[in-house]
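Listed next: structures, encoded as structure tokens.
Next come two complexes, and both contain chain A; in the first it sits with chain B, in the second with chain C.
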Partner chain A sequence: MKPTETNGVDWRSESTSAPDVTTRERLREVYDERIHTPLLVAWADWRTRLGFLILGGYLLIALVAVLGLWREPSTSQAPRYLMLFENMNYPLGTTASGTDLAALIIHSTPDILLMITAGAVWATAVAVVIGTVAGYKGGRVDRALMSFSDLVMAIPGLPLVIILAVTLNPQNPILLGIVINISYWAGLGRSLRSQVLTIRENDYVEASRTMGVNTPQIIMKDIIPNLMPYVTVNFVFAARYVMFASVGLYFLGVLPYSTQNWGVTLNLAYSGGALFSWSAAHWLLAPMVAIMGLSLGLILLSQGLDRVFNPRVRTRMSGTSSSTANDNDDDRVTEVL
Partner chain B sequence: MHLNPMATQNYDWTAGNHIFERFAAYNFSTQEFELAGLEDWSFEDETVTLTLRDDLKWDTGDDVTAGDVITQFRLMEKTNATLWDFTDSVEEGETDKTVVINLSRPSNPEIIKHTLANGDLRIHGYQPVYNEFLDQDASAIQQFEWEDDIHGNGPFTFESKNDQAWTLTRNEHFYNADAIDFDTYELLSRQENTALQQGLMGGELDVVSSLFVPPTIVESFPDHVEEVTLPANWGYGVIFNHDDEDFGNRNVRQAVAHVINRQQVADNAGPRTKNPAPKVTGIAPADQETWLGDDYDRFESYGPDATQSEAAAELLRDAGYSRSDGTWRDGDGNTLGGSYVTPAGWTDWTTATNTVVDQLNSFGFDFEINSLPSGDFYGAYTNSDFAVGAFYWLPGGARSSFPYFPLRWQLNIPDVDGGHNFEEGEYTVPAMDDSGEMTLNPFEEIRSVATMQDDAQVSETITRVAWHNNQNLPILGIVAKQDQSWLTSDEWDVAPAEDSARGIKWPSHWLPKQGQLNPINQ
Partner chain C sequence: MVNYYVRRTARVFATIFMVASLTFVLIRLLPGGPYTLLRAQLLRQGVPASEVDARIANLQNIRPDAPLWQQYLDYMMALAQGNLGESISLNEPVVSILASSAPWTVFVVLVSTILVFVIGIFLGALQAYWEGSRFDKLFSGISITLMSVPFYVVAVLALYIFAYQLGWLPTAGTVGNGVERQLSIPFVLSALEHSVLPIFSYTLGAIGGQALAMRGNSIQVLGNDYVQVARLRGLSDRRIATRYVARNAILPMYTGFLLLLGFRLGGTVILEQIFSYTGLGYYLITALNANDYPLMMGTFLVITVALVLGVYIADLTYSKIDPRISAGDSDEAY
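Presenting the complex of A and B:
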């Protein structure tokens, strides 16, 4: 089983009495195990491929904004109410105040990506730390950490975020991502803890413990790798949550308007009559498509990554040569599942 | 929400305007005053005599008497209402239906008429409720929330209220109650413009007193939704905190004025309903030429439809600022800008603010938009917790067309309790005829207009104060707007489009009590 293999690699890496394995070989094995095979498995699935492509597209858009390859959005920079593709200088059209919609979308992208990444990293990192420590240590530590996470879970998330947003008025996208996901980790941490409770009973964990390996090492090398499938999928969910919540909060006008954001664009489109008039519909559609596209990319990626971490598919793939993996088609992967 | 008009916080003016009758009204179509709760008003040298309608009654059936009005006026003295700028005392006249206002000096009747016919001023001083405040501090009346046992004298009377709606019923004691063919008036509460727009579109709402609707949405309204446009004498402007190191500096304020392209703001924020005045004078755009006459051309326009970068840059350099990396900085390297306060949810204002801030930032200011919910928005100004922001530069309503009101209002902005810190005193500005400088006390001069009777003298003083406001910019006017009021005719028999009765604000308040808005099938 894979966890045992993983542990075997790690265990050897801890040992100085393994003169038959060179550093090079060890690195090679880690590379195959951790990077090469998962990538092969991932790439074999069309959903991962498409997910990567979509996210890659958004990264490119962000790059366009960061490098300043597209004009900054500004009022009165173009004729008002241009429709989609009516004027190819402004392919997505313009708003009631003559702002280039393409510029609005493009220049919002870097902040959105930063924000969802920050929110997702925050939520999963806190959940992993709390969940694994509580699950592994047990006893008082477990009770204390779980009481704390129960407390956080009991606080209604949205009102808390609204209060924090109004109080802190966060304009930095990283801070904003964290504020939105401020309590997201609690539920995830609790689920991780229950997984850790089963993992910690495994022989190899027991063995590490008997050999006197310290707690952080055991958590890092024996436990967390086994949680990765769950963590990765939830990372993507947390990222989607940040995006939707932020758009909603901007739309409600809770978050500071000064930050350029698809939610702000949606709000202005809505109040500018885009909901009721075809001549302004593109103003509403452009940010909606941007939001839906990013969300779709994240969903596809999470489904593809699920495949990577599914032990049954993984075992079968890792046991074969890379050429076999390449030959593997979608149907066979589906069959396995 | 409550019904004490003197406690401006949380007073529900829409409900109040239905429940309390007004003294008189200004008709924007005929440009004349029409009496309502008053039967007559007469002006002599130092006295004004108001005669209440004989049949004006409270909804208890009791007469509205001079005592009620006197109580109200005396309380208004505590709250520094405009009426008391020129009033010495009030007393009962020959009958209990006449009130005599003794003026401090012979006064300008136009000011008194506009004061009494001002949009939201109503006859509300029900003695059993208000008498007890006569010997208390102003703060007592300003904090009193009238929510129980409410009695009015208007066409409708208070029935109940909750978070969603006020329910009013026809006041059978109202003098014109027979002309009103329906029993219940429900005032639904809607937080946002879009909710009201949807309400009109979907037929849920029958009338809306005042609501901005962008052109794209007007086009999609059903045919039976009728728009009534009325001059608002109100509009988007830029307010400066005169205590601020940068924006307390006249050069910086003038530079801001030069940078802003007012026509562009109007075109972005409301092409059908907003227009900039060609000159910045502090007087409502429609009335500027009439009042300023030959002097009109002397007034600085600050470029109504252009960003005058050169002029602005020169002013900033003169004030010791310099431009580096595209941004203006003071001697210490601090950028010129900060947060620009704007109200959240006022949709047309949001667009105007975006446009203004874009223009200022492209020139080299460094502003970030800080949009605040209504309470915080007023709070920021009242507490002087701001440097620059969006605020209305005219007090609004009919009286704004008499320059005394807007010019005086700009100096002390009572709506934010003078939070822009424009100190009373003398100011020196360039002379009107380019002959050096002139020094004047704009506060004293504008106040003196209230007691002037000589038209030429009034005109001259108004021109001087307008010149001061044009040069010193206590607040910067950007655009003025037309109010949009909404009626529907699918289920309601409303006064036809050409009827001048639609010229009184607001048609949804005025028409029902005149019997000019009744259900069709009755």
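Presenting the complex of A and C:
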């Protein structure tokens, strides 16, 4: 059935000559459509703005640590048990061993950021591939992939990480992030699959299929955009999970102490009796605030991005049946203000 | 249909089999694994070298001198008979330790996860219904704040305030010291009292996420045509809320619920350590610190089996709840 030159009719003439655009124009269009406009919309939401600001703050802190603008933490570098803001050289106070708490927090940041990014990228990338292919293809492929994720999912996350951490002793933050999220993709892939199951029944997917669009393209063009809100939100959740889990595991003392981490600080504070006296409360609170701040930034960002990718979240439950497109535009205007 | 259930059930056994094999690999093949450690430990304790192998065989149901396939067979046969070996550090059969600790973990995880689910769905639905209202904004803010607090932070703070400072609730353990471990009113009361803080700290942080998920789902459903049609047909608000919106909004969260259960089973490792709550997670860490591999793998396996069963139930009931998804058979391949 392939059109050949011998039959005289160039079936593809329309598609090859009609769009007379240069690569640069196309790139520009993609930039406008995919990056510029979504960012504008995202920026209009206060949650995204705040989320970006908070994450930017943590990046700055990481930069301070990397450039060495703040002293390295070491024992007996300051008087013991300084309170919050008691001595402005050590604004967050000091620990029982006279370590500058601010230095501990600041120098933990770069590794934590690396770790959570690595873990989240790993988890969402694997989940999207497995989930969409399994859900869309169905049949034997689905069964094989789901059996595999069932197997992975059947292994409880934290206990597995604990056992792996003890045996592998990962020191590199990127590796540690992946180890912590080693089986995280399975659950996410499974829920993505169940969403794909409903999406693939949609008319436009069926239309694409009847038109003979190939599977990778249907997955890329018709299915993944529908999953984007879920994926972005879960990317952030995966990042948050890495942070919560790593800090928790450092807190338990099961991860190697080689890297400086808020969890290590928390552990030392907890075992150092900070729970029982007010004079050491800041020792416990400083890492907690650092954890919660980063987590808050991530969540705000995910909430804001959800609005960008998920136009249906914007549709209101208005009693009138007016077109939702108009409502959306009104929304956008009021939100910019 | 029957075919599907048979296949799905077979898969459960296959999964458990694979995970059991994995624990064998972890025990037997990992570098610096328990054998070297155990052998050194026993020799240090003054056990004669001739007896060491016999002791290991007894503890772990594996004869170290047998060929690998023979060890594997022995291990799996013992497992199939419910024999998980003997704990090294506690000198007790692993099975009896698990039997006494698993109920506590299951209790805490199940109660708190159900609480999370119910409260989350309720709050999320209300927020979606009054989207953009002051209530919605307030609770969205609260949800986001709650989500950014890890449960162990809540646990440590709750322990500090309610147990150490105010002295309202016990600081550690599953029941009071003087309480006999049998079904009686003082036992139940003491158990409840000891579970309040773990359940509270394990519930609070997770509610926010669930509420936001439900809110998003509900808003998405509310925007659908069939809800508009239902409204035009003049159906009562209650009917629309329960039949049309709630049902379709809860659905994606249903598999999430069982997954959540699984993730949270693993999370008890940290929770139980903070409250010295002697459940599965507590023993996992105890075993880890004592290099007690039989106990470690035992807790690992039990948590795993619980998870496998959870997902199994989710799969079997999914098609009952969502008629759009036909279970297995008519599931055509593209």
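One rule holds for everything that comes next: the second predicted complex is superposed on the first by the 261 of 337 C-alpha atoms of A that agree within 3 Å, B and C clash if a C-alpha of one lies under 4 Å from a C-alpha of the other, contacts with A are read in each partner's own complex, and residues count from 1 in each chain.
In this text, a contact is a pair of C-beta atoms (placed from the backbone, for glycine too) under 8 Å apart; a residue touches a chain by one contact, two chains touch by 3 or more.
Quick caveat, the model's predicted, so the values are computed rather than measured.
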**OP:** Report for A:V247: first if it touches chain B alone, second if chain C alone, otherwise both or neither.
**Re:** second
**OP:** Using the superposition on chain A described above, determine whether A:Y270 touches chain B (first), chain C (second), both, or neither.
**Re:** both
Original post:
Is A:R24 in contact with chain B, with chain C, with both, or with neither (first, second, both, neither)?
Top reply: neither
Subject >> First, second, both or neither for A:L284, with chain B first and chain C second >> reply: second
**OP:** With the two complexes superposed on chain A, say which partner A:L158 touches: chain B (first), chain C (second), both, or neither.
**Re:** second
**OP:** Using the superposition described at the top, determine whether chain B or chain C touches more residues of chain A.
**Re:** C
Original post:
Shared contact residues on chain A for chain B and chain C?
Top reply: 270, 275-276
Subject >> In the complex with chain C, residue positions of chain A that touch it >> reply: 47, 136-142, 147, 150-151, 153-160, 162-163, 166-167, 187, 190-191, 194-195, 197-198, 200-201, 209, 215, 229, 237, 240, 244, 247-249, 251-252, 254, 270, 275-276, 284, 288, 291-293, 295-296, 298-300, 303, 306, 310, 312-313, 315-317, 319, 321, 324
Original post:
Which part of chain B faces chain A closely enough to touch in the complex?
Top reply: 192-194, 197, 201, 213-217, 219-220, 261, 264, 267-269, 339, 342, 344-345, 347, 350-351, 354-355, 358-359, 362, 368-371, 373
Original post:
For chain A, which residues are in contact with chain B within the complex?
Top reply: 74-76, 80-81, 96-99, 171, 253, 256-258, 268, 270-277, 279-280
**OP:** Enumerate the contact residues on chain C facing chain A in the complex.
**Re:** 11, 14-16, 18-19, 22, 26, 30-33, 128-129, 131-132, 140, 144-145, 147-150, 152-153, 156, 159-160, 164, 209, 212, 216, 219-220, 222-223, 228, 231-232, 252, 255-256, 259, 262-263, 265-267, 269-270, 273, 281, 284-285, 288, 296, 299-300, 303-304, 307-308, 311, 318, 324-325, 331-334
